[in-house]
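Below, chain A partners chain B and then partners chain C, in two separate complexes.
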Partner chain A sequence: MHFDLNYSAILPQIIIGVTLFISATIDAFSSARKWPVGIITLFGIGAGISSAVYLWGSNIVSFSQMVSLDEFSLLLFITVMIAGFITVLVSLKYVDDMEPDGGHFYLLLLSSLLGMMFLVSATNLIVIVLGLELMSLSIYPLVGFTRDRQISLEGAMKYLILGAIATAFLLYGIALIYSVLGTTNLYTIARILSTAQHMTGNLVMMAGVAFILIGFSFKVALVPFHAWTPDAYQGAPAPITGFMAAAVKAASFGAIIKVVIIVLQSFHVPVAEALWWLSAVTMFTGNIIAVMQKNVKRMLAYSSIAHAGYVVVGLVSGTAFGMSSAVFYLLSYTFTITGSFAIITYLEKNDGTGSELSDFSGLAKEHPILSLIMAVFMLSLAGIPPTAGFMAKLYVFSAAIKSGYIGLAIFGILTSVISLYYYLRIVYAMYFEESEGRTDTPVPAGIAAGVFIALWGVIQLGILPSDIMNFAMQSIQSLIH
Partner chain B sequence: MSVNSYTVQAVFFYIFAALIVGSALLVVLLRNIVRSAFALFFTLFGVAGIYILLGADFVGVTQVLIYIGGVLILIVFGVMLTHNVYSVDIFNKLGTLVMGTVSAIVTFTMIYYAIKQVPWLYIGYKANAPTTGPIGRELMTSYLLPFELASVLLVLAMIGAAYLIRSEVKVKKAAGNGGPSGERPADGIRKED
Partner chain C sequence: MISNVLLYITAVLLVITYLYAVIAGNPVYSALSMGAAFFLTSFLFVLLGAPFLAAVQVIIYVGAMLVMFLFIIMMFDLNKTSTGTVRYKPSTIFSYFLIMVVLLIAFFMAKGVLKMPEGFTIVGFGSAENIGFNLMRYYLLPFELASFILLVGVFGAITFIKKRDKE
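Our next item is the complex of A and B:
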């Protein structure tokens, strides 16, 4: 019997799991103010990031080929853990302000990180589903964390129902594939598909692939499947919205990239064509509807839909460079969006208001540094040099052009010109509109720290992208081997 | 084995299939939610029957224990303990009914043709061996990681649900009811609550 337990294959997950346990214990024995739980969580995530950096270069497949620890999973571990780290920093004061005895915020955040890490390191469809569910089931209560806001619960409910439908699609797709191939192991599936030519045109396989694609499209909010996004993003507490946009998206895309690279390169279905349409429609719809928004959280929700479309452009190209550019995009978007939502967290009031466009009016007079950083984040989202967002878009579009998808690249560039309008409107409001008199509170230290980490990432990836791009290339190579 | 066992199997298959489809239709179409819940009993029972017919004894028993014994009872209790639930008319509007029918037919046709087209591997009739032992062994060896992950998943789902439904710790902020739900953004997505 093939039976191996190599615990170093899940070392970062073990660290996060142990942190979850310690945090839960401290949560149970601490007073109503929960920032100590948050501090422990920070240390745990920091240790997780360190372990991922330390393990860089290893390639371990273990637990009967259920998980693999390779550079691809490590890079995505680091991405989602950075998002988690910034989110916890930002939330230290926020959680205590919003909800007395709100320690479960950190516990659920850690467990969703755990789910994400299993999701991106899975080499078996069963583990992918379990990781995805662990991630999602932890995020639903977090969206409804501020329970006295009706809009928060509404968003959580819609996310829960549509998320369950997405999982149903995913499971049905996996069942169809299992019914044809008799396995859920990604490598075995790839081996069967590459040898058995008669699988081409097998409709059950195609339906299975389509259902899996639809399930993931729900999770990353590609356009026909995006209906939950605006409500969930607007209703969720601001730090959680940033976390969802960054980490949930990165982890789900990680699983998509993995499935596409390992499995679908040997199975000739028109996946690239399907992704072409999905990305074009997503980029267009997300950006157009974002223009009409007055609420900044909702605007950034539609913007995040559009950004998912840009990531898909990298997938469409199908080359190693294209996949690497998608991974780079995820990392750069993680820094930018968690930073933006850190600033929105500062502006959000206890009753949930404070994220309208008018709330940004005249911010530059009172908080010149914060406004400048917000402007940098907005430029990064719009894709203006010298920010991370510019390099990410450059890589993604050049990958598409190299693979001959020139039309899609031009279309993407046009839609990002549209997006410039609404990102710059926030900048305009901050610098050129009059303030309506806001109660001035100092910026909490946690938010300041989170914002500066995010800013560092945005600048670093914008000015010296080649190192990170090399890591992304290595991570994709580790999947192809 | 003999043709006879095929025939018997086919007869039972169609009985269970009719039970599932018929009661599932009732679940969707009945106007009273309590009756829908009771119709669901027959759907879940029929699925358990199909499992056992296919030789998956463990899955069949689990289906009965968890879905009929657990989930369905919870649903019925939830319905009965909910205030004023009997008077709520849950019948779907004609528009959604038409949409649902069309999408059901389209999905059915797609899957029907897909299943028809594929040359399935025919393994013939096999005497059913008990599956519980092998499943237990696999769960503790090859599928150890997913098994443990599933247990973490269940614990976290319980924690999340418990926090969402726990009673308010404080009654402050009664006025701060968050974003006014009546104010709809101009994107045309939110049509109804």
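Our next item is the complex of A and C:
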């Protein structure tokens, strides 16, 4: 193993880490209203995004081959940091309303971003586990941040316990692989597997791969490992639900894509078969149960389960185009879901109610622009042109068809038709139902800014997707070389 | 030879103590049984030639975690629950055995494949010097990342226990 320290390989992580300490210091010396901490956090994440854009094109592997800075990790850095940026914008007023002296909200958000960034840039299974844990351990308290709500604590507890089980599975899988190959370095594993042909018959290795897939499936909430999702998503504060759906999912999928591309080429057939079933069951179950929901947060939780299924369709195809379409899907879903939850944040009341379907009735009369934007987000989630969601689904399904998985693509399209029903129900409620008397507060500036950034992303990716798709292709190419 | 015999005895005792930790009705018995299992695990490390890991196992798991478990059990006063054994649902036991069978099959099928990685030296592998050298050199980044995880633990605790000024 070659020993080297190249700090530019973790420059974006260093920026986020330093921001964490600056924010913590300001948090300690500021008054009970914590929006200044949020502003510092915004600047830090902005600097992180700029550094990631600046470093685009570099390819550095450092810290004894523990992390790599390549286009793949940079694109996912940008994805999770955009989700973090919008979430902080949306939370500026929300945090002060919910919890006096609640500056640790921003600190936990930053540390979870840090974990995600190490998770997607890791080239060693140990760093993957540590990044995943740093991310998850920061998210559990954020889910229970509104600790006066019973439902919030319940969600946090369920997420904590099932998340710990998921990590146990992941660690066990890694231990099994280590026992066979004697290394946790992804590149070394790939090299050994490419020379040894008999490995697919090795059951310890197979069990290790299966356990790792199960551990990740918990994190991205694929059916049948999704049981925690509805409760955690409904209980969490609305901005955090958006952050979980966007960033946690993107980072975990980033790690899955990386492991599948680098390591599991020689396991492609069994892994693709397992992912095929996971994807089909996830798309079906998520969409069917979402139809029955009355609470919008819970509905979007099931919808996020279904969307994880669509991302897996891109993985099943196994080609560079399929992987790129999965990355594109993650970026487009990030914009759409953080924007939707920004609007839900505005509607959510201090006691946690306000996200029922009936709370959306007649919203269009009082907030015509907000309702229009919400309608655009819903159409994007359903996959209607000219939004980001349409292009994302188009890429994913065409990748599946090109690789010969026509049945899966048709199944995915059919389930999207089912999903149209519940997304349009929100639009219907906003435009065609009578309002039940809503206390009218002006939209806070932070939420408005967050919503417009998300809207820009949804329109940009929907109308001019080819540039972003090229970036996604480059990012996947940087892993394959 | 002696160490092989010791290994099997330790292994059997380990299974018994961990099993009792799971099925004991009284949480204090459960925790103490787990403590015995921690000691046995540490003995396993000694047999494998890793004295440093053995010491850390005792210091952290028995010294810190087990004591914390016992404190929490006494704080919640869970002592009043039954002293028999816990009854699990048949489905739980079934899925447990399913996983066990899969793993056992995997291990027996793979007996010939498991081998030492290339460049692996047994002499001094688990020594304190070797672990310290690797931790501070090749595993520097994971080591520092772990310190961030501890920091997040503090943040998480603050989230739930922080006092509010009552207006």
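Note that in this section the second predicted complex is superposed on the first by the 477 of 481 C-alpha atoms of A that agree within 3 Å, B and C clash if a C-alpha of one lies under 4 Å from a C-alpha of the other, contacts with A are read in each partner's own complex, and residues count from 1 in each chain.
As a convention for this text, a contact is a pair of C-beta atoms (placed from the backbone, for glycine too) under 8 Å apart; a residue touches a chain by one contact, two chains touch by 3 or more.
If you're wondering where the values come from, they're calculated on a predicted model, not measured in any experiment.
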With the two complexes overlaid on their shared chain, look at chain A and say whether chain B and chain C clash or fit.
clash
When the two structures are overlaid on chain A, which partner does A:Ser340 contact: first (chain B), second (chain C), both, or neither?
neither
Quick check on the superposed pair: does A:Leu137 touch chain B, chain C, both, or neither? Answer first, second, both or neither.
both
Of the partners chain B and chain C, which touch A:Arg147 in the superposed model: first, second, both, neither?
both
Which holds for A:Pro100: it touches chain B only (first), chain C only (second), both, or neither?
both
Report for A:Ile126: first if it touches chain B alone, second if chain C alone, otherwise both or neither.
both
Partner chain(s) touched by A:Val67 [first = chain B, second = chain C, both, neither]
both
Superposition-derived comparison: chain B or chain C, residues of chain A touched
B
With the two complexes superposed on chain A, say which partner A:Met206 touches: chain B (first), chain C (second), both, or neither.
both
Considering only touches as defined above, state whether A:Tyr302 meets chain B (first), chain C (second), both or neither.
first
Between chain B (first) and chain C (second), which does A:Leu114 come into contact with in this model arrangement: first, second, both, or neither?
both
Which residues of chain A are in contact with chain B in one complex and with chain C in the other?
1, 3, 5, 10, 17, 63-64, 66-67, 100-101, 104, 107-108, 111, 114-115, 118, 124, 126-127, 130-131, 133-134, 137-138, 140-141, 144, 147, 176, 180, 202-204, 206-207
Quick check: in the complex, which residue numbers of chain A touch chain C?
1, 3, 5, 10, 17, 63-64, 66-67, 100-101, 104, 107-108, 111, 114-115, 118, 124, 126-127, 130-131, 133-134, 137-138, 140-142, 144-145, 147, 176, 179-183, 198, 202-207
Under the stated contact criterion, what part of chain C meets chain A in this complex?
102-103, 105-107, 109-110, 113-114, 116-118, 120, 137-142, 145-146, 148-149, 151-153, 155-156, 158-160, 162, 164-165
Touching chain B in the complex, chain A uses residues 1-3, 5, 10, 17, 32, 63-64, 66-67, 99-101, 104, 107-108, 111, 114-115, 118, 124, 126-127, 130-131, 133-134, 137-138, 140-141, 144, 146-152, 154, 156, 176, 180, 202-204, 206-207, 227, 230-231, 234-235, 289, 292-295, 298, 302, 350-353
Complex contacts: residues of chain B adjacent to chain A
110-111, 113-115, 117-118, 141-146, 149-150, 152-153, 156-157, 159-161, 163-164, 168-170, 173, 175-179, 181, 185-187, 189-190, 193
